[in-house]
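What follows is a pair of complexes built around subunit A, which joins subunit B in one and subunit C in the other.
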Partner chain A sequence: MEKDYEVKKEGSVLTVTLGNKLVAINAPALTDELAAYKDQDIEKVVFDATNLIILSSSGIRTIMYCKQKLGASPEIVFVNCKKMVLDVLDLVGLRPFITFKER
Partner chain B sequence: MKSAIKILSVDDEAPMELLMKQYFRHQIRNGEYEFFFAHNGMEALEIMKDTPDIEIVLLDINMPEMDGLTLLALLNEMHNPALRVIMVSAYGDMANIRQAMNNGAFDFAIKPVDMDDLDATIKKAIAQINYVHETQKEHSQLESLKKDLMTARNIQQYILPQVDSAFPEDSDKLDIYASMEAAKDIGGDFYDFFRIDDDHIAFVIGDVCGKGITAALFMAVSRTIIRSKGMQCSTAGACMTESNHLLAAYSVDCMFVTVFCAIYNTKTGLVTYCNAGHNPPHLLRSDGTVEELPRSKNVLVGIFDGVAFEEDTLQLASGDALVMFTDGVTEALSPELEEFGTERLRTILAGQAGKSSRQVIETVRTAIKDFAGDAEQSDDITMLVIKRK
Partner chain C sequence: MTTYLFNNIFLWGLSIDAWITIATVMAVIGVMLFTKVRTDAIMLIAIGVLFALGVLDAKEMCSGFSAGTVVVTGVLGVVMAGLRYTGVLQWMLKHVFGLPDRYPTALLRMMVPVSMLSAFLSNTMLTMLFSNVLKRWSRKLNIAPSKLYLPMMYAVQMGGVLTLIGTSTNIIVADYYGTATGKTMNMFSILVPGALCLFVGILFIIAVRRWLPDRKSPEEAFETAFDYTVELRVPSDNPNICKTLGEAGLFHVKGGNLIDIHHFDHDPSVLSEDEFIMGGDRLLYTGQIDEILELKETHNLVVSDHHVRSMNEINKNYELRIAFVNFYSKLIGKTIGDSSIERDNNMVLVAVARRGRRIEAPPREVELQAGDTLLFECPRKTNTYAKHLTSQLQFSDFQEVVKIGPNAIVSSLIMTAMMILTALNVVSLLHGTVLAALAMLLFRCCTINQAMDSVSWRSLMSLAGSIVLGTAIAKTGIAQMVALTVVDLVGTQPILVMLGVCLAAMLITQIVENVAVTAMFAPIMYQAAMQVGYEPAPFLLALMIAANASYATPIAASPNMLVYGPGGYRFTDYMRIGIPLTIIVTITGVAAVILAYPLVKL
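Right after this comes the complex of A and B.
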């Protein structure tokens, strides 16, 4: 699958701009890319979810990877999260662990 | 050490043998090539029979007793995918050479033979033979992996409890049935049920993130830990809290599992349950009413250690059934990529009042199959139904 996300690091903040889905066919590749930032004292990971409409369990695993493996439990931020994605995060009980912002 | 490539030269002209031995003397001395010589087709067949690992045949066309084209046809019947036949004949014999090439010869050399050119052709043949061997090796590894996967699939099915022999002593109070259909050879979904004491039975449904071998291994660990903790803990919430603590320690690369775990009182019909990030089960009342249980208040299992899991209760009256399932049910796709969906499931369940747990599951499975048509199953499909009699 063609790469449909972009990862940028500015200081201790990692910004991940997502495509319209984060699922089994693209999430492992994103996780591999994020692994490069493992020892770089990341304090915040911002997921720009403006275009995201499908989030599967593989995608959730990628988000959890950021929380668990990058830095010392960095803050996870979701920007412009659509209701259907919010529903998934809510269903699996991850809402309290994520900050949601509109832009 | 790599064994010598065995080459059979079939030619009725005696000088050819001398020529080969002379030109390839270094390769013969170094053990790279081993030559065999035959002077007609019949002799060649005998040698091939005694030395079946000959992989290159240099074959003259015009020979007494059996010509090269006839021998080529017989060699083809041996079905050795690595065997490469190089035709050797006079320039004027182009029609026969053409026929040989059409019949599967690898290449040809023109007499008088340019030995440098023949050397290059043999090297080209060896490269192809090595490729065939490599492919055969990979194929056999793949076959072995497929066998391992089938064994893993059988083990996975075996560790799921047998639905037909579940709790015969409570058959007047309880009707339980379950099914799991993996999207791949092995899956990450599971169900489980086991007795805690005379009056209490635990049942569990879970969905591990991802699919394939990793998910299957984590599924086996999850199922074992939850069962073991379920036997020890007094409540569903405590069982999930303890299981989460252990699974967080075993979770490699952020694997997790969503779980619905419940303890059912066979005397009163009271269900105490803990939903840990799993999709809400449906309650099918005896009058056909379908209620979706409240959404999970808990986080999924295996990621955050030290989290306390909350529980809830519900009451099953006689004839009520609790229908638990994984998202492979509601997210099954049609060929047009439409989801099966919760509404469709609710409508089907509404028509299942009074039916056995098995009938409920089989009806839903059939509906999913009809809905999905030729579409590939993208996720494991698992259901567990417990009905109070």
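Right after this comes the complex of A and C.
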């Protein structure tokens, strides 16, 4: 599958611009790419979810990886999160771990 | 002969009404055999059809509901409630069994008192009471429950034939005899043949005791390690969310193993210590039930249900209860999630076992079968004896704690007085039971509610319907036709006629409820006796024994079904001993009736 996300690092902030889905076919590759930033003192991971409409457990695993393994519990920020994605984050209990912003 | 042949050319000598009745009876048998429709409903529909098609008039249609048989059976329920709620039965059960050291002695110690009680009490109620006693007794004696439940059921069934009030079928036959001849049968008319059958039956069971399966208790599936699975769910507010299974201590757990994890969207996941925990996860464990369920407390998990629930919904007022799937349960062939039984009763299925072995699949995905052992988590106050539950499930841990007081003596005296007065024909059976029921209420041996709950209204409806079907069979000439056919087949030798009808009733009662069989065969046996010109009483007494000999299948009678789950039996277990026992009891019964009541020509 063609890569539909983009990862940028600016200082200690990692910005991930997501495509319309984060599921089993692309999430493991994103996790691998993010793993390259392990031990680089990442303090914040910003997910731009403007286009995101489908989030599966594989995608959740990627977000949890960022929170737990990428650094010393970096802040997770979701930008422009749609309701359907919010519902999934609620269901899996991840909402308290995430800061939500609108742009 | 010519007339007989001529009649046979036109509808084999039967009227249209008779053929409608035959079709209805066949339909009743078919629906009983192949569907799970309740018997009382089948009977009511059948008599409705016969009335609508003009086979029965209004008076005949209602005759079953006002029959003395039905009233006596219902009122006996109140008498039994008096004995039960004053603790008489429980006292007897506790003190008569003892702790015999040999299996044959244990069988004898159990079967004799059980059959004696069954002579006066409802077979179904007695089987339910004994099921719980036997469970504990089998543990004390270290004998497999499967070695005890079938003999207990046989004892209950054989004991029921000792008196007219021991079983509904005897009451039906006696009532039919009274209606047809104007004479009454004594309560102990059947005692001698019944006792001989019981004696021979008990000896036979002890002799072939090795044929009884030696199977471990179905409940052991929940007591032995690695014999079951438990599914736990992660609520959305679980504090371990975002941790891995290893970090949260949910991968290697005390007393069991995690065997599978399902995330909320069923996306494939690899079971490893590094897998993240998400809200909505279903964790499938195998191991010791108590240890695994401790994870609920230590890791804030919930027993799996339809929805992800917050821990706030779970409190400590829950307990684990074991139940068996009834033979005619609507749950058969479905998963628990297909029914509303959990939601309706606020209970949750935790684990499933089948014939003492764990079911590997998640419990909520198991297609249930009759006799399956289910472990539920339910509120402590759940009335597992409620009728809406007992029609689907049989809870094994039902216990009645009854304080024995002075009323126990009162209720025993009432019962004894009833038996003596009816046996000596001082009062009729109907009068005797009504007076005893009133006395039980008057002396507060049971409350009005307990009395009403003890009456099996569903059974009464079935009984009433069966009687009306019997009326239709007699009225339309079917009984006479069948009787003539029997005489044609076996000749006019009365013993052969008696044996022929008894064998037919015995065969059908293995697959159809014995109350229905008795109601159908009572007029046939009466007509058969009349055809050969003999007093019908001995013939009808022989029918009582044959129609009650429903030992060969689990579906033949309620007591048979009630021991299926707790005993961990298979269908063939009933046949192995039940078929020879049925034949032996029927032949002994016929022989004993002939010896006790020599046949008299009219």
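Operating definition for what follows: the second predicted complex is superposed on the first by the 103 of 103 C-alpha atoms of A that agree within 3 Å, B and C clash if a C-alpha of one lies under 4 Å from a C-alpha of the other, contacts with A are read in each partner's own complex, and residues count from 1 in each chain.
By definition in this document, a contact is a pair of C-beta atoms (placed from the backbone, for glycine too) under 8 Å apart; a residue touches a chain by one contact, two chains touch by 3 or more.
Bear in mind that the values here come from a model prediction, so they are computed numbers and not experimental data.
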*Touching A:Ala24, do we find subunit B (first), subunit C (second), both, or neither?*
both
*Touching A:Thr99, do we find subunit B (first), subunit C (second), both, or neither?*
neither
*Just which bits of subunit A does subunit B share with subunit C as contact spots?*
24, 57-58, 60-61, 64-65, 67-68, 90-94, 97
*Taking the complex as given, what residues does subunit A use to touch subunit B?*
24, 31, 57-58, 60-61, 64-65, 67-69, 90-94, 96-97
*For subunit C, which residues count as touching subunit A in their complex?*
234-238, 241-244, 263-265, 267-269, 275-276, 278-280, 308
*Can you list the subunit A residues touching subunit C in their complex?*
23-24, 56-58, 60-61, 64-65, 67-68, 88, 90-94, 97
_For the complex, give me every residue of subunit B touching subunit A._
207, 209-211, 253-256, 258, 276-277, 279, 295-300, 303-304
